[in-house]
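There are two complexes below, and they share chain A, which is joined by chain B in the first and by chain C in the second.
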Partner chain A sequence: MSLLIRRQIPIALVFITALLIMMDYFLKLPPLDARGVSWTSPVVKDLQNWGVILTAFALGFGAVNLFILHSRHISRRTVKQWPFSVWLLLMIILFTVVGVSYGATSPEYSWLYNSSYFALSATVYSSLGFYMTSGIYRALRARNVDAVILLVTGGIALLKNAPAVAVNAPFVVSIDSWLNAIPTTSAMRGIMISAALGAIALGIRTMTGKETGFLGRLTEAEKGG
Partner chain B sequence: MREKRGFWSRLEDIPREVLYGLLLIAFIIPMIKPIGFPVPVSPETQKWYDTIDKLPAGSVIMIDFGYSGGGEPELGPMAVAVYHHIFKRGGLKAIAMSTSIEGPLLWDKAMAEVNPSQYGAQYGVDYIHIGYIAGTETAMAAVGKDLRATTSTDYKGNPLDQYPIMEGIKDASSFDLLIVFTTGGDQSEGWVRQWVTPYKTPYLCSVLAMMKPTMLPYQKAGQIIALTSGAQAGEMEYLVKVPARGIKSADVMTLTHLLIVVYVIVGNIAYYGKKYSGG
Partner chain C sequence: MFGKIGDSMLISGRIFALGMLIAIWIFVLVSMEQAKKKIPTFRKMAGLDAIPEMVGRAAEMNKPIHFTTGLGDLTSTVAPQLVAGLSVLGYVSELAAKAGAKVIYSVYQAQVMPIATEIMKDAYVRAGKPEEFDVETQIRYLSGEQFAYASAVQGIAERERPAANIMIGPFYAESMLFSETFFRIGAIQLAGTARGYQIPFFAVVCDYLLIAEEIYAAGAYLSKDPIQVGSIRGQDVGKMIAIILIVLGVIALAAGSKIVLDLLKA
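Showing the complex of A and B:
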């Protein structure tokens, strides 16, 4: 395939799309219609709806991909994997058949979801509490100054989140509020601004073709050096 | 031969089964026999409650049911309490959508718990769910720009035009308030970028307790009116006067959190005991 199709056209498409969306978000470019809406608005509306449709399509595509991948595991009898692959495919088939036959909001489908996936995912998430408790007992030690700071702030957060303590010891709530308002917010702002600057840099590199991960497998020459 | 371990060493290495067992007891006792510890109402929950309470009659609320099954035990009670409030308050229109694929099923579950008919609320007139819309932030932006162009049916696949609640609803400017229940950072932050910043929609956000620090900068900047975690559901239930799962879990939270504080103290005593006694 020529370099034009594999590299230049996709980069041009990304550049134009990203530019249109940014222009629509940050600027109100003339000409405006009678409602004061910029010409970029209907174009971006269509692009966003394409995005929604493509993401929905990707979900279906993901299911097909899972099917192919796990079918391979079963046919090759991959050690310590293929029985789980069989179970996964059975579940995909079961949910698909019930969803297509009765509808994804039917009582039948809801029952299947509530009594299998929902119960399991809630259990797995809740069980983290036990692991964290064990981790806290073994790791939260006042070994040095840093650890003491972590221990004290962690202790205050724990006490503040115990409703009965928060009622009877309001000073814990005051300290926790200060911790949230000043150190936590400051640190989070720093992290967020740094991440945003990184995202802007990555966006510019992608738009200008310096970042080529989204183009798939390219040779060094095709990547442009 | 097995080396004989001292008291402090054994205390420091308490088997996790013991730690888990005690925690389980602290969970189970208040679930079986509620203790009735007091539930404080934080300023954030009060602000959330007041925001809904002071909405003018006829106001339209967009609600994102954006949590997954794993987060339901934490966020579900909060969502249920908020729906109770909306219906009890009356005169409000609640239009829900989901940025999480499990959202419509969990919304159904929440509605079964709320039982809107007890307040005289009707589906399609006072509340509706317009379904899961894929694409997370793209979905938020698309719905904000033109809801009907993004989806033309509700979560059951019925045309939106047949429901009176959807009359005059076009885009983000049709909504007076945005409420988000989510287990995802992309969702909680995405709504700020796609609705709050461009359309100035007032925003109430409820996330998992561990996600709250991430959202604090937005709250402090005034982009979120009130930020709560699902763990505060008991406070909302107290304000709405519909005690349910949230208030029950307040006892559990008090006992388990205190137990963990005890674990931290015992762990440190064991650590220093071992250090200074030589085992």
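Showing the complex of A and C:
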């Protein structure tokens, strides 16, 4: 029974679901409806809706996790943590009350969201500039050949974005354009192709029950060969 | 007859892709069968080989290991990256449980929590220490909003000072925020993503890096299961086909023919 629940049923569900979605993408299988849509399309749409419903349920699970974890911090007065936990729980309650009372698209809820999270989110995003600067400062040291290439290309990209250089030395812009269009694009496409092939191989392993990482790493008996 | 079936069933513009998918599927299955007789050799992946060292370091320093799968969910095109990350989570959790180190898994999408709970619980059971697994403190749902999640991870880094940080999955703008913050607190870092634009950020800051396809191979690599490893060989055949098509396409276009281009668009 354990083997059936832990291995065979999840793998069968993954296989059937993935097969249906692939069939819907690649094939127009009869019988077709009046609009010429394959029978698989409404089935796949239903599956996607189930996914949305499951996600909504999982959000409740996440909220419970947040409340348990941060209530513990508050009751134990965890150093450097518990005031943030109080604030977090207060905000969850405030957003929930306003959202349920006025609706998630109401001006009240939008004001609360825009004046708190939206502003903070933009702040965190802008701080990225400082993190990138400190990261690139360490990276642009000519320690070996790779680092020298990075230093030179990084330098060209920086110069190209400086207006004075772009105006007075237009060849820098041409070099930067060539670097972007040829070496960078070809490398990115190589990465994209290999990633797509890797994802297909992972998908095949998962569908055939050979990759069991998402089920927890099963015992030898449960793997069954 | 076949023409009529083909016309009615196959969707134009996706025929070549379907053919390639079937071909790669066959190559992968054949490679897995061959691997039962002879295990293929494959190159070492330094990032994955370093995981035991990272876990050991955390145990010695009595500090936790931070793990996250980025902005992955199970219903979009980045789902394979998330599945790849979860495969590594099980391995890391088992090693950590054996070594007596604590793993903190930061969650962005709540739908991942039940799966992660099962994976980590299983890992602790396999390590013979099921009682040491504390789901509420080890699997933390942070937020479904990108920068709220990013700030929360940074908060964990600053407050709990993990000795190691493992990030495998789809990452966006938060990649640099994470890698720099964990670098500053002295954590040893392993990062892996198939999102091309974030790879350079990880490359300049993290100690170990898994690039694109390597994250998908991670589960197979760590399992040491010959059948799973065999599938990587099948994937390499697909890569060779892609290279051949690229070369043929370049030659054909240079000669003024669009035959390969038309084939890809079929």
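Operating definition for what follows: the second predicted complex is superposed on the first by the 172 of 225 C-alpha atoms of A that agree within 3 Å, B and C clash if a C-alpha of one lies under 4 Å from a C-alpha of the other, contacts with A are read in each partner's own complex, and residues count from 1 in each chain.
The rule we apply is simple: contacts are C-beta pairs under 8 Å (C-beta built on N, C-alpha and C of every residue); 3 or more make two chains touch, one makes a residue touch a chain.
Owing to the predicted nature of the structure, the values given are computational and were not obtained by experimental measurement.
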{"item": "Which of chain B and chain C A:164 touches, first, second, both or neither", "value": "first"}
{"item": "Which of chain B and chain C A:141 touches, first, second, both or neither", "value": "first"}
{"item": "Touched partner set for A:117, first chain B, second chain C, both or neither", "value": "both"}
{"item": "Touched partner set for A:20, first chain B, second chain C, both or neither", "value": "neither"}
{"item": "A:86 touches, of chain B and chain C: first, second, both or neither?", "value": "neither"}
{"item": "Partner chain in contact with A:126 - chain B first, chain C second, else both or neither", "value": "first"}
{"item": "Partner chain in contact with A:156 - chain B first, chain C second, else both or neither", "value": "neither"}
{"item": "Contacts of A:49 with chain B and chain C, given as first, second, both or neither", "value": "first"}
{"item": "Contacts of A:175 with chain B and chain C, given as first, second, both or neither", "value": "neither"}
{"item": "Contacts on chain A seen with chain B and repeated with chain C across the two complexes", "value": "25, 48, 51-52, 54-55, 58-59, 117, 121, 124-125, 134, 136, 138, 188, 192"}
{"item": "Contacting residues of chain C [partner chain A, same complex]", "value": "8-11, 14, 17-18, 21, 24-25, 28-29, 32, 73-75, 80-81, 83-84, 86-88, 90-91, 94, 107, 109-115, 118-119, 121-123, 126, 136-137, 139-141, 144-148, 150-151, 155, 159, 173, 176-177, 179-181, 183, 194, 196, 199, 201, 204-205, 211-217, 219-220, 223, 225, 227-228, 231-232, 234-235, 238-239, 242"}
{"item": "Touching residues on chain A, where the partner in the complex is chain B", "value": "25, 41, 44-45, 48-49, 51-52, 54-56, 58-59, 103-105, 109-110, 113-114, 117-118, 121-122, 124-126, 129-130, 133-134, 136-138, 140-143, 151, 154-155, 158-159, 161-168, 173, 180-181, 184-185, 188-189, 192"}
{"item": "Residues on chain A engaged by chain C in the complex (per definition of touch)", "value": "22, 25-30, 48, 51-52, 54-55, 58-63, 65-66, 68-69, 72, 80-81, 84, 117, 120-121, 124-125, 127-128, 131-132, 134-136, 138-139, 150, 188, 191-195, 197-206, 208, 210-219, 223"}
{"item": "Chain B - residues contacting chain A, complex", "value": "12, 14, 16, 19-20, 23, 37-40, 42, 68-73, 101-102, 104-106, 108-109, 133-136, 138-139, 141-142, 145-146, 149-150, 155-157, 198, 209, 212-214, 216-217, 220, 231, 234, 250, 253-254, 256-258, 260-261, 263-264, 266-268, 271-272"}
